[in-house]
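What follows is chain A paired twice: with chain B in the first complex and chain C in the second.
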Partner chain A sequence: MESLSSLQIALGVLAQLLPVWVGLGITLSLSMYYRPRLGLYGHLFDSRVGTIGLILVLFWVLTALFADLIITHDPLAQISGMKNKRPGFPVRGMEGAFYLLGGDNLARDIFSRVIMGSRTVLSIAPAATIFAFMVGITLGLPAGYRSGRLDTILSFLSNLVLAFPVILLFFLLVTPEIRSTGVPIYLAAVLFLFPIILFVVLVQSRFYTQPTKRNIYVSLVLVIGFWAYSGLAFNMDPLGVFYMEPNLLNIFVSVVFVNAPTVFRIVRGLTLDIKTRDYVAAAETRGEGPWYIMLWEILPNARGPLIVDFCLRIGYITILLGTLGFFGLGVSPESPDWGMTINEGRKLLSIYPHLAIPPALALMSLVLGLNLLADGLREQSLKD
Partner chain B sequence: MQQWDYDGPILEIDNLSISFFTRLGEIPAVMDFSCVVEQGKAVGLVGESGCGKSTVALGVMQDLGVNGKIVGGSIKFKGRELNTMTDEELRHLRGSEIAMIYQEPMASLNPAMKIGKQLMEVPMIHQQSSAEEAWELARQVVEDVRLPDAKRILNSYPHQLSGGQQQRIVIAMALMSKPALLILDEPTTALDVTVEAGIVDLVKGLGEKYGTSMLFISHNLGLILETCDDICVMYSGEAVEVGPIENVFDRMRHPYTQALFRSIPLPGADKQSRPLVSIPGNFPLPHERPSGCNFGPRCNYYEQGRCNQGDITMPALADDPNHASRCLKVSEIDWGHPPAAAVQTQSNKIGKLVLKVDNLRKYYEVAASALFGGGDTRVVKANESISFEAHESETLAIVGESGCGKSTLAKVLLGLETASEGSVNLLGKDIQKTLIQDRDVDTVSSIQMVFQNPFDTLNPSMTVGRQIVRALEVFGIGASENERNNRMLELLDLVKLPREFAARKPRQLSGGQKQRVGIARAFAGNTQVMVADEPVSALDVSVQAAVTDLLMELQRDNKTTMLFISHDLSIVRYIADRVMVMYLGHVVEMGTTDQVFSPPYHPYTEALLSAVPIADTSVERKHIVLDGDIPSAMDPPPGCPFQSRCQHKQQVPDNLCERELPPMKHMAEHHDLRCHLSDDFLASMIPVIQLAN
Partner chain C sequence: MWIFIVKRTGVMALTALCLTFLVFFLTNLQPNLEKLAKTQGTMRMSDEAVDRWLEQRGYKQPLLVRYGEWLGVRPGFLLVKDNGKALGRCVKPGADHIPNYCGVLQGDMGWSTVFKDHVSSIVSKRLGLTGWLMLFVMLVMVPMALIIGVLAGMREGSRTDRSLSTFAIITTATPEYVSGVVFVVVFASSAVGLRWFKGSSASAMDDITIANFTLPVITMAFYGMGYIARMTRASMAEVMTAQYIRTARLKGVSFANIVLKHALRNALIAPFTVIMLQIPWLLTGVVIVETLFNYKGFGWLLVQAASNNDIDLLLACSMVAVFVVLVTQLISDIGYVFLNPRIRIS
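Coming up: the complex of A and B.
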């Protein structure tokens, strides 16, 4: 059987991505239609940079969502005779099947691996960013609002974490010796507590004037929070819904740990600025508690810069995950992690360039999309 | 480029139209604007925010940014068309022939460069002078703007100077190249009144000394009267009335100008017998202007079918060719007719004692270095032995400039700070040592505050209704969500806002409307004492009257005690029953409004009174300009706090003022002042403001 020509490969890839194109079309046309009512998201389409960023990000999100429909082969299956084969090479023994982007060193389909790799990245990066934000917000608000000694101590600690070389820290956290001491679990136990604290305080400060409502909401938060907590941090969920592999937990915790201090500093700085506003003084003069002021008066008005940083930070964490994979600290040795795939391809780069280029392009386009999106959001939030 | 000789008017603006191009399409900011600035004359441009006055200035500078564009008309400077000049030619003109002075002095100076260097740049770039010549010129100009110790000033950085000194430097920089035209955009708005008086005095002298023509932009009619020869009143992008200043002030011929004058508190206005008349409605947004006359919907003389049709031109008046008005009915309106008698009101009897402050002191300790603790701590004496009483239904005005301690006093009253000494008694309860979180809900809700900046007083990400409901929740009012919602709607009615506003976000409201929401929120509980911190000073003139009225009405209905903090003596005279004048943490004079506004004065009160510009040609003011700036509260002068700037200090023998803090002198019933001047001297003082016949 003949190999595919370049044109045929391109057409084949585009055809495989059909679910993504459909999804993209629907999302964008709906967004355009309801644009005037969508606030900042709607304004995003006024900026060309922002629109391009949004499309790139949406492309990868949808790819991760429909990955099962898109892949042509099992990303982990090795088919004999396909080792390091050129893009468009027909699969031996299967009529009309091709390795669209060629085969890798272990004779697996690169196209399917890249597509599946998006799932790993897009499930860890945003979740880790959200956790880093919750930790940073819970600590940054009181540091900025209260200032004084609390601020000094927290700022010092965050500087300490930031001063430590990130890669070294990761190597430490993932080495078996450290893992056997249980440090990552303790770290997870501490870090995963912050979201619960944040939500409890959020509800308590808002509804303390209406005790019945408050009790319902607080207990709801506590039940769900500790249920998820027991599963994620200690793998002891009685119902088995929440679960995280030990390897994944390690990476997740480390990523949150190194990103939280930066978020902390941003939130602290924004709080220092916003706390001088009259509406904060107005809340103080009507006797509001400090947590209400921090969470309901200050935080919502800091959202602009935080949203922008959120996008940038997902991109940054994506690169970080890639780097970790590259150094062999990936989620699992076999997983189609982009960073890991690049590292494997790197060894044969001079002979078989097609091994490393697709995952590298994928990583680049996602991060580029996130950065452009952040730029667009910043530009639009500064207007009017 | 050489300065060419030219005899005609310095600046001729003819039918100028400027538009901004935005998401919403073309938004006209200035339409069909004409104006002439003659050599050596000053023209005042007056109007409310958003009327396009600053856009005109930027248009003259040809600096409208990426969105702005001149879409019609011409701007001629010394007979040469500016609209068609190249960037190169304009660069030669800006800063050398035309100079501009902005509102914020700190934003106009480069914080990383010494003053001298910044000033020297001007002649070095435009006249290719040598560094020595430039330095000499800089020194001379700095002396011309009446700054002491020119050498030290030239060697300092902008942040080492006070606001008033910075603004003088900005003016000096504009004068370095001896420009033919000076554009001043609200040059004194960011400054204190007594400092403003000094700047105004300086600006007035410039025209005479340098022969500079001026375009003076301000929202303050009094200031324009003081500085300008001609005036141009703008409304919503159009000039509505132009003419020589006396003609316009004494014989105004446009309903907007008239309404504007009726809404500002001039001497003679009185809250009971001659209340202010506010202009109904709101300023139209640029893309929502009505057809025909822009002022039509708010005008008393509006005629359906006539005023809302076609373009309205601006002909000169038949009896006064220099004076023009953009009004169709100019010859039909009876301009001398007094305003329709506004509803006269009866204020409540002043009732029982509500708030008693006795010998209150508030000191702050400031560490010399925040980073390493230790070192010297310095004490800032924000409030020194303040004593006063306030009664039910009474308005007590607290007057003073920045740094006088009025905000600290408010903080102590509200429980954001505790007093260092002395007592604050609210409704029989001592609260001087109780911070707000330790106060019970009743105490908290009984003393509330209205803030100065309407754009900052509401949380921008919460709906208006939600913010009021929250106050009700905290004060424990209403048993259910529904009850609170209804109460919130009632509060909106009370401050005369439509109920639909409950669902709006603050950014959809105008400044005056936001301030009303702030007032509604402050009256949510059982408010007995209202601390109003400059509640109207950030609002446009036409809105000020309405908000002031609202405050007084709520006070009448609720028998509230109002502490009205302000530096604006015109509004204080209008609204207050008693006045307390503060300077550097001390109360220097206290008395009923009449007592404070007539002699004998404390020298500071006298200076304050003379510093406030009054928009009335028939008023004659004694002219007192204080030296220097307000001293820092970190480092107050010894003896009397005011001695470093006092105009009568030499009347007191033996340098007593520099050695001893004067005692509170009892002048008459309710009237006290803190001064060493002899009774004879005080008795011989003449009134600062006199109405000529």
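Coming up: the complex of A and C.
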């Protein structure tokens, strides 16, 4: 069988991505139709940069969703005779099957690996960002609002973590030896408590005047929270729903640990600024409790910069995960993680450039999309 | 001012103490020590042999005691065997005198178990190599970033501004391991590409040439540039809306003169801080680029120290890294005060 020409490869890739195009078309036309009612999200389409960013991000989200439909081969299957084959090479023994972007050093299909890799990235990076934000918000609000000794201690601790070179921390924290000592579990035990605290306080401060409602919501949060907590941090979920691989937990916890102090600083700074506003003074005069003011007056008004940083941070964490993969500290040695694929490909870069280029471009386009999206959001939120 | 510097130095010392203790704690966890024993002794050591090995070299003492030894506030561990052979912290091959104290305070950074050499001499040699890399990166990155930022910020919203800003966003979305790979394929690959430069910088350790040093330098400069450029742009755009710029314009000063003589000086205050704070961020880039281009500098050393759990070497590396972070922070704060007369430290 003939190998495919460049044009045929491009067409083949585009055809394989059909579910993504359909999804993209539906999402975008729906958003355009309901645009006036969508608030900040609708305004995003006013800026060209923001629209391009949104499309790039949506592209990868949909790719991750439909990855099973898109891939042409099993991303882990090694087919003999396909080692380092150039893009568009026909698969031996399979009629009409091609390695669209070639084969890697272990004779696996690069196209399918890159597509599957988006799942790894897009499941870890946003989740880690959310956790980092919850930790940062839970600590940053009281530090900014109360100031005083609490602020001094927390700021010193966050500066401590920030003064530590990220890469060194990863080398120290993400190792098999560290896993066997249980340090990641202790770290998870501390960090995963913050979301529960945040939600309990959130509900408590909102409904404390209606005790029945409050009791129901708080107990609901506590049950679900500690159920997830037992599974994620200690792997002791009685029902086995929540579970994290020890390796994944280690990486996840380290990433959250590195990013939470920066979020803390941003939230603290915003709180310091917002607490001087009149509506905060009004709430204080009404006799609202400090947590109500922090969570229901200050936090919603700090959302603009926080949403922008949220997008940027997902991009930054994607880069961090790639860095980890690049140094062989990725999620698992078999997984089609982009950073690890780049690391495997770079050793043969001058002979087989097609090994490392697709995951590199994939990672870059996702981060670029997130950065453009953040830029568009910033532009639009400044207009208000 | 002096009180401020003294205070800051105190906080810096406390931070350095906390961080080195953290590194000490993480590198001295039991599994790490066992790994160290096995790589230093033999891989097939029994558990008792590992225990004995650690015991005889003082690794079994409490953590704080050993941290004190490393700092140099406690006498170093010493064990003289029956055959007269001495083991311990302060025993260095080739030295006839064994000092009592041998910690950081005595200027002794310890002994590298991987390279079998004094840590201070290894670190200074590798730092020198990385210094060259950083020098060239700064020489390329800072002027480029400032030019892009000033050009984009002087006419906010213009076409130049939009295209330069997009370029800046693209560079911040391209980490070193992506741009490095792309640059190698385009400029150095033997299969396709231009073959202008070399894909390996190993030869640059002896002799820096354009062929072997361009790619690592532009790879690092590319990622760091965007952020500085964007900050410069924001600062420039803000200055351009100031009253005194409008006055100058109404007086009829030419646009080039306004930008170069009136706006630039004030617009460069903020980027100075950003550039100083960017230096520690370059460390991750150094590690990636030196691995990618096989340039054996400080980043490479850090990888070696971490993957072999070379405790003293790793501690020295983190000391250097933390020192760089804290000093650049201090310089940026002090420099900001000097550059911006409106700010006074009480």
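One rule holds for everything that comes next: the second predicted complex is superposed on the first by the 384 of 384 C-alpha atoms of A that agree within 3 Å, B and C clash if a C-alpha of one lies under 4 Å from a C-alpha of the other, contacts with A are read in each partner's own complex, and residues count from 1 in each chain.
In this section, a contact is a pair of C-beta atoms (placed from the backbone, for glycine too) under 8 Å apart; a residue touches a chain by one contact, two chains touch by 3 or more.
Keep in mind that what you see is a predicted model, and the values were worked out from it rather than measured.
Chemist: Look at A:T285 in the shared chain and tell me whether it touches chain B only, chain C only, both, or neither; answer first, second, both or neither.
Modeler: first
Chemist: Determine, under the contact definition given at the top, whether A:P300 touches first (chain B), second (chain C), both, or neither.
Modeler: Only chain B is touched by A:P300; chain C is not.
Chemist: So, does A:W21 touch the first partner chain B, the second partner chain C, both, or neither?
Modeler: neither
Chemist: Looking at the overlay, what does A:N371 touch: chain B (first), chain C (second), both, or neither?
Modeler: After superposing on A, A:N371 lies in contact with chain C but is clear of chain B.
Chemist: Considering only the touch criterion stated at the top, classify A:F226 as touching first (chain B), second (chain C), both, or neither.
Modeler: neither
Chemist: Quick one: is A:Y34 in contact with chain B, with chain C, with both, or with neither? Answer first, second, both or neither.
Modeler: A:Y34 contacts neither chain B nor chain C.
Chemist: For A:Y186, decide between first (touching chain B), second (touching chain C), both and neither.
Modeler: neither
Chemist: Of the two partners chain B and chain C, indicate the one touching more residues belonging to chain A.
Modeler: Counting residues of chain A touched by each partner, the higher count goes to C.
Chemist: Which of the residues in chain B end up touching chain A in this complex?
Modeler: That would be residues 23, 414-416, 436-437, 439, 441, 444-445, 448-449, 451-453, 456-462, 471, 473-476, 518, 521, 524-525 of chain B.
Chemist: So in the complex, which bits of chain C are touching chain A?
Modeler: Against chain A, chain C makes touches at 11, 15, 18-19, 22-23, 26-27, 29-32, 35, 165-166, 169-170, 172-175, 177-178, 180-182, 184-185, 188-193, 199, 280, 283-284, 287-288, 291-292, 302-303, 306-307, 309, 314, 317-318, 321-322, 325-326, 329.
Chemist: Note which residues of chain A are touching chain B in the complex, please.
Modeler: 46, 209-210, 277-279, 281-289, 296-297, 300-301, 303
Chemist: Would you tell me which residues of chain A are touching chain C in their complex?
Modeler: 49, 156, 159-160, 163-168, 171-173, 177-178, 180-181, 183, 315, 319, 322-323, 326-327, 339, 342-343, 345-346, 349-353, 356-357, 360-361, 363-364, 367-368, 370-372, 375
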